[in-house]
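Consider the two complexes below, in which subunit A is the common component and subunit B and subunit C are the respective partners.
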Partner chain A sequence: MLTSINPTMKAFAVLIPALLLAFSFDPLTPFIYLVFTIAITFLFGKISFKRWLLVFSPFLLLAVSFAWMTMLHPSDTFSGGEVIFSLWSLEVTSDSFWTGISLGLRSLSFAALSLLFILTTDSTKFMLSLMQQCKLPPKLTFGILAGYRFLPTFRYELQVLKQAHRIRGVGRARGVKERLHQFRRYAIPLLANAIRKAERVALAMESKGFTGESDRTHYHEMSINKRDWVFVSVFFGMFLVSIFISYQLGILNIFGIEFEKY
Partner chain B sequence: MSKKHHKPLISVENFSFGYDSDKEELLKDLTFSIHEQETLLCIGPSGSGKSSLSLCLNNLYPEAVEGKVNGQILYNGKPLSHFKKGEINQEIGVVFQDPESQFCMVTVENELAFTLENIKTPREEMSRRIDDILKAVGLIEEKHRPIHELSGGNKQKVALASVLLLEPRLLILDEPTANLDPASRFEFIELIRSLKKEREFALFIIEHQLDDWLPLVNRVIAIDSCGKLLLEGIPEDVFYNEAKKVKEEGIHIPRIVEALDTYEGKLLESNRPLSEKSLVSWMHSIGQEMLPLRKELHSSYQLDDKVSEVLSLSNVSFSRGKKSILQNINLSLSSGEIIAIVGKNGAGKSTLLQLMSGILKTNTGSRLLLNKKYEVWSENEMRNELGYVFQNPEHQFITDTVYDEVAFSMKLNQVNQEAIDQNVSQLLNRFHLTTHKWSNPFALSGGQKRRLSVATMLEGTPSVLLFDEPTFGQDAKTTEELMQIIQTLQKQGTAIVFVTHDMDLVDKYCHRVCVVSEGELKFNGEPQELWEKLDLIYEANLRLPFRIRINRALESLCNNQGEQGDDQAHAYIH
Partner chain C sequence: MLNKWNLREIVLMAILGVVFAVIYLFFFTVGTGITNILTPFGLGPFGYEVIFGIWFIVSIITAYIIRKPGAALISETIAGGVQVLLGSPAGPMLIVSAFIQGLGAESVFAATKYRNYSKGVLIAAGIGPAIFSFIWGLYHSGYIALSLPLLSSMLIVRVISGALIAGLLGKWISERLAETGVLRSYTLGKEWQTKREQKAS
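Presenting the complex of A and B:
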């Protein structure tokens, strides 16, 4: 079901709350949103939990280290409150503790939102939708799509190049100066080939009647339905709900400004 | 088959083209025409500007490269420059050489839709037209598959299908089969032949390997190495009467013509066969029973008592991730032996070569080089004994000048300067590169690059030299030069292994041939034996070499006189 949402609308629904979340410095708002995002991901997207966890876990690690760093080295604004525990000479106060937790949860929310988008969106359809809904020029759209096809080729070519150089004995030469040389040796043939390939693809595209004009018909008509609007509204609405709950509980904190209830 | 009565579709008038206004032009003063429904074959040595010409014909050049043009090209009497952007591309379609770089979408369906969107086909019609064209090229099953998963032959069919959606009046084929295995190549040509009958487009074909195209061809133009028009005429005139001129330019001439060299006196002006079928009937009529094998082999290998095993693989297997690529390969190599590795696109030929070279590690099995395990060899010493020439010579270039390129490994081995200089000059001399001593390797021509990449492997005399498709996309002259180099090395005792799709090369030069199919070594023996195993040849997408095809056809013609025999003769050719 998530896969059938218009990709542009989906991007919109994910991006705006993510940006707004960046300003909520309390732990509850991002936490509510995180739970909501994960729930949506598994309720409406056909994603295997194992795969999701595999991609998500590095972010988890990152978030924990962010939180830890913030706790240990808070800015002056967030260093108030009682000391909860101390490590060597570093004291972690309650304020800095919660700020750290908040930052960690925010990063996780970003990660969960991005995953929701990435794992349920076909890249071709996303580009086509950007062209049709956001008037992205076809030249750019199809250029990016063609480039996307090349990524695996590029990796393969680098591998061949490494092998070829090993045969020549480049691996035998060591030292810093050699290393620098090495980089240049890979870069030149890789770039030369990339340029040649890009030229060829451009010619092939033009030879099939591509002119770059936006006046063209569409095989995949990307449209925006009521359902897409509902989807965006739910994501925006949920953001307001989580802010409201935090406000009700008196812990809302936007950009360092605390909003006490009454 | 004369198409002379048709009006010209394209006329090229005193046309010149150059990339840079300061430099010499690439194409000079060309005048020729292409008629409706005609098939024109364009031949010329590597670097003579054939591909540039094809891009000029559909108006992509000079604009794309800001090139300089003199003279003009007319389409139906109207100069190309007067057409709106994209307009002429609907009339003239191109299929390019490299199957990897002519698509911009991921799946077959979307790629075809891309063409239809370009020409503003209404959406309702698209599905039907996509299905129709996929049926026409026989790919309807692959509609939803990603293009990168298809075989090389099928990729080219997708390219063809997407161009045919434009319903072009002229189809340009720029070496579309150069990357394909023999069977896929033949299939593609047959497909073009039947589509042409159905759809009646004109064809402009650029090719090095001419034979299979010839039955289609009405006229030939040859461009020389300076970019001037060398010859123009019907194939019989060009390949029989002017064969000498063609050869001097380093262009491949059809095998049929080559085979008839020995009968020069007996050929009649009125009977100049250009199809294998007519060659067979003609040979039969003069009582010739077979084509002699002009094998470029050297008895040294079979008789020399100094022959020893230089490399051996036993029970070698290799897999990428969970996917098994090669299983249980057993192969041994003696000094002074030439071995070809053949098989389908993607069968694992290159992987086998990489395993032999030691740049890939095996999963199981053991490998010996000069009776010493691969693992025991130091990288340095191993590279002196075991050379590897990659398919794309550019991949192996690591310095800025030809001199440094050749001297590189000698410097690594700490040879003294005087010896290096002497050795390098010798090698450059031998490979005709002395005049380019201080050029940048990347600035050399295709053939020169290929020679240089071999020269860099020859600082000493390696025991084994491996080549990945050495003659791929090369003109006659370069191919000839390369095979001579290989033979010289072989006589010095170096064992040569090369991967190839060219069965005639196997027939002519190799002591042994290995067939890789479905990850296994299905055959390892003399070429002569392989030609008897028609099942295996079919399974591995191979084809009998020209000489064998002709001889088999002749044989069956002799055995079964009359119509029945004629049919059988035909069956062998296909």
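Presenting the complex of A and C:
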């Protein structure tokens, strides 16, 4: 079901909560949102758990790393509370501990939101939808799609370049200086080729009568339905719900200001 | 903004955006590697700070080659968007952060009214996005919860990385490309050719 949502609307659905979640500094709000996002991913996404976990796990590490840094080096606003433990003369207090957990969970919910988008969206459809719904200029859209299509060719060219060097007796680079030299030998010809391709594509587009006007017909019509609006509203609504639950439990914290429930 | 551009320049910008999106994605892995080493000291995220400049480089290269308003901003945003197409796990938010970084470089070129592309300006254009992205990180990644000494050292590392990797390396790559002659129909290539003719005569 997630694959059939309009890509632009889906992008907004995951962007808006990700922008708003950055307000909260308590652990519960991002946690509720994380659980919600993961639930939606697997209920409506038809994604294999293994594949999801494979992409998600590096973020687990990053989140732990960031949470750890926050615990050890908090700002004054977030360093109150009792000392839980100390390490290398750095003290971890209860406030900084929970702030660290909160920021870690925040980055995890960002990651879960992104995966929900990435794993269920077709790249070409996303570009076409950006052109039709967000008024991205067709010249830019088709330029990007053309470049995108060239990527496998670039990999092939790199192989050819490597073989050409080897056949002329240029060995594998050793040491920093040779590596830098090698970088130049590969990067510049590859980029030069890309620029040549860009020129050829532009000429081809013009000679085929491509004017780049936005008033044009489309082979793949992308449209926005009622369902897309519901989808965006659910994601926004869930943000309000998670804020509300944290508030009800008296945990809500926005930029270090705690909202006690009276 | 794109009205004054010809198709050739637009397509070049798009393709540079695509190529650098791949490079950006690759450096994400490099950053993760350095992060793993630094994590035990509670300095994990510095892994990205050291190489942060690489993520601004397309702005400098495109603006230096094409020299039109919008080159830095749009090329960076394209690179962000193409990373999403390639399936970067950072998702659509990358477009927003790329836009903010592009804005950082664009504002420097705008301040010179798109006339000056000297070394100093290109370095400043590498520093601009470092500052813009840092302010964005204060809000979005919650850096605001970190202590001031840590924050300032992060900013300094990012600014240096922006100046060196985005500014100087970006300038160097553009000029090596101009030397190959493929940029003949773009502003940098033309400038390079007149220089060469002057030298010869």
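Throughout what follows, the second predicted complex is superposed on the first by the 250 of 262 C-alpha atoms of A that agree within 3 Å, B and C clash if a C-alpha of one lies under 4 Å from a C-alpha of the other, contacts with A are read in each partner's own complex, and residues count from 1 in each chain.
Throughout what follows, a contact is a pair of C-beta atoms (placed from the backbone, for glycine too) under 8 Å apart; a residue touches a chain by one contact, two chains touch by 3 or more.
None of the values given here were measured: they were computed from a predicted structure.
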{"item": "Clash-or-fit label for the pair subunit B, subunit C on subunit A", "value": "fit"}
{"item": "Touched subunit A residues, subunit B compared with subunit C", "value": "C"}
{"item": "Touching partner for A:W68 - first (subunit B), second (subunit C), both, neither", "value": "second"}
{"item": "First, second, both or neither for A:I167, with subunit B first and subunit C second", "value": "first"}
{"item": "Contacts of A:F97 with subunit B and subunit C, given as first, second, both or neither", "value": "neither"}
{"item": "Contacts of A:F239 with subunit B and subunit C, given as first, second, both or neither", "value": "neither"}
{"item": "Which of subunit B and subunit C A:E206 touches, first, second, both or neither", "value": "both"}
{"item": "First (subunit B), second (subunit C), both or neither touched by A:A11", "value": "second"}
{"item": "Touching partner for A:A192 - first (subunit B), second (subunit C), both, neither", "value": "both"}
{"item": "Superposed model, angle subtended at subunit A by subunit C and subunit B (C-alpha, nearest 10 degrees)", "value": "70"}
{"item": "First (subunit B), second (subunit C), both or neither touched by A:A146", "value": "both"}
{"item": "Subunit C versus subunit B - closest C-alpha approach in the superposed model, Å", "value": "7"}
{"item": "Shared subunit A surface residues [contacts with subunit B and with subunit C]", "value": "146, 148, 188-189, 192, 197, 199, 201-203, 205-206, 210"}
{"item": "Of all residues in subunit A, those that touch subunit C in their complex", "value": "11, 14-15, 18-19, 22, 25, 55-56, 58-59, 61-62, 64-66, 68-79, 90, 99, 102-103, 106-107, 110-111, 113-115, 117-118, 123, 126-127, 130, 137, 139-140, 143-144, 146-148, 150-151, 154, 184, 187-192, 194-199, 201-203, 205-206, 210, 212, 255-256"}
{"item": "Complex contact set, residues of subunit A against subunit B", "value": "124, 142, 145-146, 148-149, 152-153, 160-161, 163-173, 185, 188-189, 192-193, 197, 199-211, 213, 215-221"}
{"item": "Touching residues on subunit C, where the partner in the complex is subunit A", "value": "2, 7-8, 10-19, 22, 32, 35-36, 38-39, 42-45, 74, 78, 81-82, 84-93, 95-96, 139-142, 144-151, 173, 176-177, 180, 182-183, 185"}
{"item": "Residues of subunit B defined as touching subunit A within the complex", "value": "55, 58, 60, 64, 85-86, 89-90, 93-94, 96, 98, 100-107, 110, 113-123, 126, 147-148, 159, 162-163, 166, 354, 357, 359, 379-380, 383, 387-388, 390, 392, 394-398, 408-409, 412, 442, 456"}
